[in-house]
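Should a chain be cited, it is by its letter among A, B, C and D, assigned in written order, with residues numbered from 1 in that chain.
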Amino acid sequence: MTMPLTPVWFIALPLLLAFASPLWVRLRLLMPLLVGTPAALLALALGLLPAVRTAPLLETIVIAPPLGIHLQLDSASWLLVALINFAGVVVGAFLWLGETEPYLRERRAFILILLLIAGCNGMVLTGDLFNLYVFLEIAGVSAYALSALRRDAPALEAGLKYLIIGSVAAIFFLFAVVLIYLQTGNLSLAAVARGFSEIPGPMQMLIGLLMLIGLGIKTELFPFNFWVPDIYQGSHPAVASLYSGILVKAFLFVLFHLVFLFLADPGVAGAWLMGLGAITMLVAETVALRQEDLRRMLAYSSLGQIGLITLALGFGVESTTAGGLFHMVNHTLVKLLLFLTAAILLRSFVSARIADFAGAGRARPLAGALFVLGALAVMGLPPLSGFASKLWILKGFAEAGVFWPVALILLAALIEAGYYFRWIKVLYEPRTEVAIEPSEGRWAYLPIGVVAGLIVLLGVAPFLVDDLFIEGARSLLDRTATLVAVLGAGS
Amino acid sequence: MHAILDSLAMIGVSYIMGFLFYGFYRQLNARVQRRWGPSIWQNFFDNMKFFFKSETLVHGPMFFFGPMIIMAGAFTTVLFVPFLKDSNWLQGYSQYGNLILIIYLLVVGPLGNALAVGSSGNPFGVMGVTRGLTRLMGLEVPFFLGLGLVMLQHETTSVHAIMAAQDGLAHWGIVTNPIAFCVILLPFIASQNGSPFDVVGAPVEVYAGPRVEFGGRLLGVLMTQNMMMSIAKLVLVTDLFLGGATNILVLILKAFALFVLTTAVSMVFPRLRTEQAVDFFWKVPLGLGVLGVILTVWLPWSA
Amino acid sequence: MLSFLDEPRVLHGIYVLGSLTLFFIGLYGLLAKRHLLKILISIAVMELAVYLLFIGLATSPGETAPILSDGLQGFVGMADPVPQALTLTAIVIGLAVLGLGISLAVQYHRLTGKADVAGLTELKDV
Amino acid sequence: MSLILKLFFFAVSLSPTALLMGWDGHLTWTLLDGVGLSLTLTPLAAFFLLLLALAAPLVALPMLRRPADWPSLALYAALLAGMQLLLLAGDFVSFFIGWEIMTWSSYLLLLRSPRTEMATSQSYILFNLASAFLLLAGIMVFYGLTGSFDIRPLVGPTQPQQLALALLFGLAFLIKVGTLPLHIWVPRSYDEAPDIFSAFLSAAISKMGVYGMILLLTLFPEALTGLYGRLLNGPAAGYLLAWVGVITAIVATYKAISQEDMKRLLAYSSIAQVGYITTAVGVGSSLALGGALYLALVHTLVKLLLFISVAGIVLQTGQRRFNDLGRLIERMPISFFGVLIGIIGLAGMPPLPGFAAKYLVFVSLVDARWLLLLAAMILSSTAAFIYCYKLIYAPFLGHANSAGAREAKEAPWPYLVPQVILMALLFGLGVFPGFAIEVLIDPVLTALRMAPLGGSSWAVLTTAYGGYDGVVLMSVFVTAFVLVTGLFLLLRGRMRRAGSPYDLSYAGEVPTEETPLHYGAGMGRELRRIPLVGWILRHSSQGFYLGLTRQMRAAAGLLGGFYAGNPQTWILLAVVVFAVVLGLQAVTGGI
């Protein structure tokens, strides 16, 4: 029996391996598999790339859409899938090589991380609204449990808070799904998209709002993102890197996928999202100014970047969208770098308070340098990758002759510099005695180093990958092509 | 050969004019104060006496080189000011220089000497230098503005060209550009270290001023350069505003007239403190200068 | 006499009202109650309200259960099976979330002795 | 190993020189989606590359002294790479990339100093990033207008477009050069940076702002005159810029006089000098631009010399305040000459080239008929004599005031070699003022389609308003000096060295070791009594920025209130937003 290499594996493989975990414990394969699974999926994604670039891959399960369920791997979702699995490899490798805390190296964490990856892959790939809900909940539940994994008061508190707010988001989302089904009688995204314009206006509005709240909470947009810093603070930084790196990105993708697919003219919704993105960005960057806790600071910075990506994607023009997708990738890389470096620093310096980091960069030169690199990249300073994507976004706005986002993005970047450089300064504070825990395995730096290398590479030579993002943007924006691909030419 | 002779002649003329003018000044001052002053040659005698002192106290090498620098600066200044117009003589190297250069050369020597003062380690000397520099800061602004008006009027910085343009009494600078002359007159007095702007070297204010540590031959050098510098400045103003001179007698006459004018102003005013002087320069002469600029540059007929 | 209740519009209206009431009760509990378990229960109630709405509105009076049996000739007069399948799935998921939530709450209580949602103050802006 | 690495770094520091000598051609590098970098060397950039080529190895030499700080060296290499990219840029993207690399690498270098305070580093990076982002905004506007990132003159821009560009770019570059009131990052950072690196900050990095300003002029079809026409004989828009420059120079000069720390004094003096350059750029004529470039050249040389000398003093004495130094002339004679030549250049005294540069600017002001500016500039350049004197008196003359100053030795050779080279360069340029004009400045002016200034020989500086001959001037002065000294020594009489430093004429008293004889920090204190100067010294723009910071933090606190961690609040807010939006839709007729 041949095993066809289809997109199903992106969901099936991690699920299978996660549920068979007792076996791996006995075989001492837990850690290799934690790295190997996303690595295999990444390889699979790379293998599928040529095919995806010619035409979107549709994987039909049982019966064809619109009645059946299908998975769709197009240029846009390919980017996300590759990103999610790459992040999985990096975090897995960090947990394995870095001799992290034992609770992150046990079976439970293994299951949850694989489930999280499966959930994110599923959300991105699925072409069915209810499946989307299911994957959203899978990713959600695994995230709640991951937060609480440390089982001390802050971790449990983070888990509980995450669970409460996440459930509320899920209810809103489910409500919207229910309304959509009741209105259109369909759950297939393409079919819903075809019929969406026939839904009466007020009901469209209501569905849109419910979706916005449900996904807004999940994608951490401004009036709905107050939970984020608490959760990032309570979770282990490696876990937080997964949240910021892949979970939010998957939700963002879903949000814009739905917007661009459902609405024939996404102008109004796009403007709303641009507004929300801009507010998110400015508010988050401003609040971050007075953060004294490293993890919270990174959380706010993450919010700011999400706002920027939303602003760029909401504009709905090819070059800002491509830039936005590129920025999504860059932000994932940067946040992986920063959170994992933060994990190393936190282990060495026990506390996450800014005052306790004085001189940390001098005591741990490598970690300090990596943190600086990440900070420079997240602020979009050349020659790092954050600059390339920001330039792309700005260029898109300038081409369109719309300058207020340019001004806001630059203002936000300036505010962002205000706190990142404060941290950098503290890291290099001259201090003679720094209490250092004994040095941990140097191998922990390997995955971080790979990410850092990628950040530099993508900054210096973004032309290596820019075609992928342009194609991704096209497939995200081109509604009719998706409809034709799923439903056939006659639709 | 001509250049060397000419240079020596210029130095000689300025030296002789210098001590004669100052000798006259002491006489005049004495008469105004109703006493018999010293002989008109007294300055020359004093100078020679200093030069032949048998012993000179030195505070390190810089203390020695300072007076040398100021003397060299005085020579250079003199050599860059044309004394006569339409003549081959008493030109020095003035065709290689210009007005702005001369103004700056006037300061080079004193700054060199300031190093010597600092080197002496006497705080009073340094205080005097600071006061001198402060006064300089005050006076240069209107002085330069006045010269700027002249430069603008003739569209050149060359003293030769400015002199050549004043070919008759009607074209003298003081006639064609009286505001500029008024603007520079008071700063000019201050730059001559004349009363009422002479607080820098005033014995009572700061114990003896910048020269406090100098004695013997070094003081002789300082005295010599002071007289020569004064003459250079007088000649410069003569060149710029009084049409220059075609021969030495006219030159002496015009310079003397100017000298009398400045001393007359000096004698009737009490001494100002440094900051008062600066404030004064920035109010009265500078205000006059601004007025001049408005009248000659900004108003429509001036274009 | 109460046959007007069988009219789909009336019946659906009642379902909508009822489930929305339930939803708002849940929301009230979520916003007003302090105890963690009560909050989790409120969430469950809200979820239930959504399920009820779904099932209620997707079924009209007179429709039979969508079960294929031997004698059945065609899919006539059957309720739409999809909502029911979906709701079942959703209930399972909801249960899982609720279970996780309660276990976290219990652990939290054991660890800190607190069960008040306003007492979750370990994580905050400094 | 470490020797090889050091040699490598020194080779890197020579890279601008190599580039200057060897670059011919054009390099392109694709970035993404139609954006590419194109590198080419224009004559204007070549001039500034020359400044970099002068500064880089001379600063690298003392930096390589043991114990070498490897991160500093690596960052220095990055900094040089960034600056070269910036200068080679044929398009705005590479310009910006170079600009930013310069910004962050210099910031990180700043952090290497143990003295850097948070306020300093933050103001440095925030002002510089603000400059960078204004630049980027300007680039985006430019791109929106032309559809291309290439640096080339605009074709037929409208007035508002020109104004937007001029404002955005202009502000960006004015922050970089540090004009009032955007200067407050300069003194702190120049002061607290690693001692050697301060030289580079002042000599090379601030010149990039000047480069930007001149580059900006080339973007407009008629430079500054195109914007608002002419005023008197110069561009009206430039009049404003010129006043900004002059006021900067005046204020910075007085602030410099009142400083009690050597490096901070030099920092303020840098601000003042760059203020002159700004003025000259504002005048915008061929004379003025020639003067601006000349000033930039001289300022680079002078500030390198002064900062390196001062770094040597700090290294050997451990003191940096004027009060704690004194009488180093006997212990550090070469450094003394370094500072001496430096201040002569700084004050713009003939015969050093500082005078030539100032002369060009003065003449250009007269030519533009902007006499009030001329007077203001004279004010600041005469006041500069005071701080120049303070700079040489307080460390080198007077009385030694601390143990460090009493026991210091001459600075080590890596500090002295650059000083000697720079002194020779300054001297040479002073003798041949026309050399810089003809070889360095005229190509730039020709490329900018302006009249070249070159004279008949390298010895003379000529303008339409007259000029001067450096060789004659120098030989007259030197001859006079030799003659005077010789004659003096020929005279009869004995020279006697004072028996002790306290052998002074001290108002009839005998000073002792306890008597405060050093007038170092007190110098210029009485200037406060002059109303204008007092007013300037009492005021500062710092309060404004502090207030801004406070407001930002207050805003952060206010918005941070949203993020107070109660889940019920979060949900309530979400529900309220939901309800409000729904309600609004209902009211506006959506439902």
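Here, a residue touches a chain if its C-beta (ideal position, glycine included) is under 8 Å from a C-beta of that chain, and two chains touch if they have at least 3 such contacts.
The model shown is predicted, which means the values in this text are computed figures rather than measured ones.
**Student:** Give the chain pair, either B-D or A-C, that is connected by more C-beta contacts.
**Tutor:** More C-beta contacts join the chains of B-D.
**Student:** Between chain B and chain C, tell me the centre distance in angstrom, where each centre is the average of that chain's C-alpha atoms.
**Tutor:** Between these chains, centre-to-centre, one finds 101 Å.
**Student:** Can you check how far apart chain A and chain C are, centre to centre, with Cα atoms defining each centre and the answer in Å?
**Tutor:** For chain A versus chain C, the centre distance works out to 29 Å.
**Student:** Suppose each chain is reduced to the average of its Cα coordinates; what separation in Å results between chain B and chain D?
**Tutor:** Chain centres of chain B and chain D, defined by C-alpha means, are spaced 35 Å apart.
**Student:** Just give me the whole-number Å value for how far the CA centre of chain C lies from that of chain D.
**Tutor:** Centres of chain C and chain D (C-alpha means) sit 69 Å apart.
**Student:** In chain C, what residues contact two or more other chains?
**Tutor:** 30, 39, 117, 120, 123-125
**Student:** Scan chain D for residues touching two or more other chains and write them down.
**Tutor:** 560, 563-565, 567, 571, in rising order.
**Student:** For each chain, which other chains does it touch, given as pairs?
**Tutor:** A-C, A-D, B-D, C-D
**Student:** Applying the document's contact rule, which stretches of chain D touch chain A when the two form their complex?
**Tutor:** 30-33, 35, 71, 93, 96-97, 100-101, 103-104, 107-108, 111-112, 114, 116, 118, 121-122, 125-126, 129-130, 133-134, 136-137, 140-141, 143-144, 147, 552-553, 555-557, 559-560, 562-565, 567, 569-571, 573-574, 577-578, 581-582, 585, 590-591
**Student:** Please output the residues of chain D touching chain C within their complex, sorted ascending.
**Tutor:** The touching residues are 560, 563-568, 571-572, 575.
**Student:** Can you list the chain A residues touching chain C in their complex?
**Tutor:** Touching chain C: residues 130, 133-134, 137, 140-141, 144-145, 148, 151-154, 156-161, 163-164, 167-168, 170-171, 174-175, 178, 181-182, 185, 187, 229-231, 233-234, 287, 291-293, 296, 353 of chain A.
**Student:** Mind pulling up the chain B residues that touch chain D in the complex?
**Tutor:** Contact set of chain B toward chain D: 51-60, 62, 64-65, 68-69, 71-73, 75-76, 79-80, 93, 96-101, 104-105, 107-108, 111, 114-115, 118-124, 126-127, 129-131, 133-134, 136-138, 140-142, 144-145, 148-149, 151-152, 155-158, 161, 207-208, 212-213, 216-217, 221, 274-275, 278-279, 282, 286, 289-290, 293, 297-298.
**Student:** Considering only the defined contacts, which chain C positions touch chain D in the complex?
**Tutor:** 27, 30-31, 39, 117-118, 120-121, 123-125
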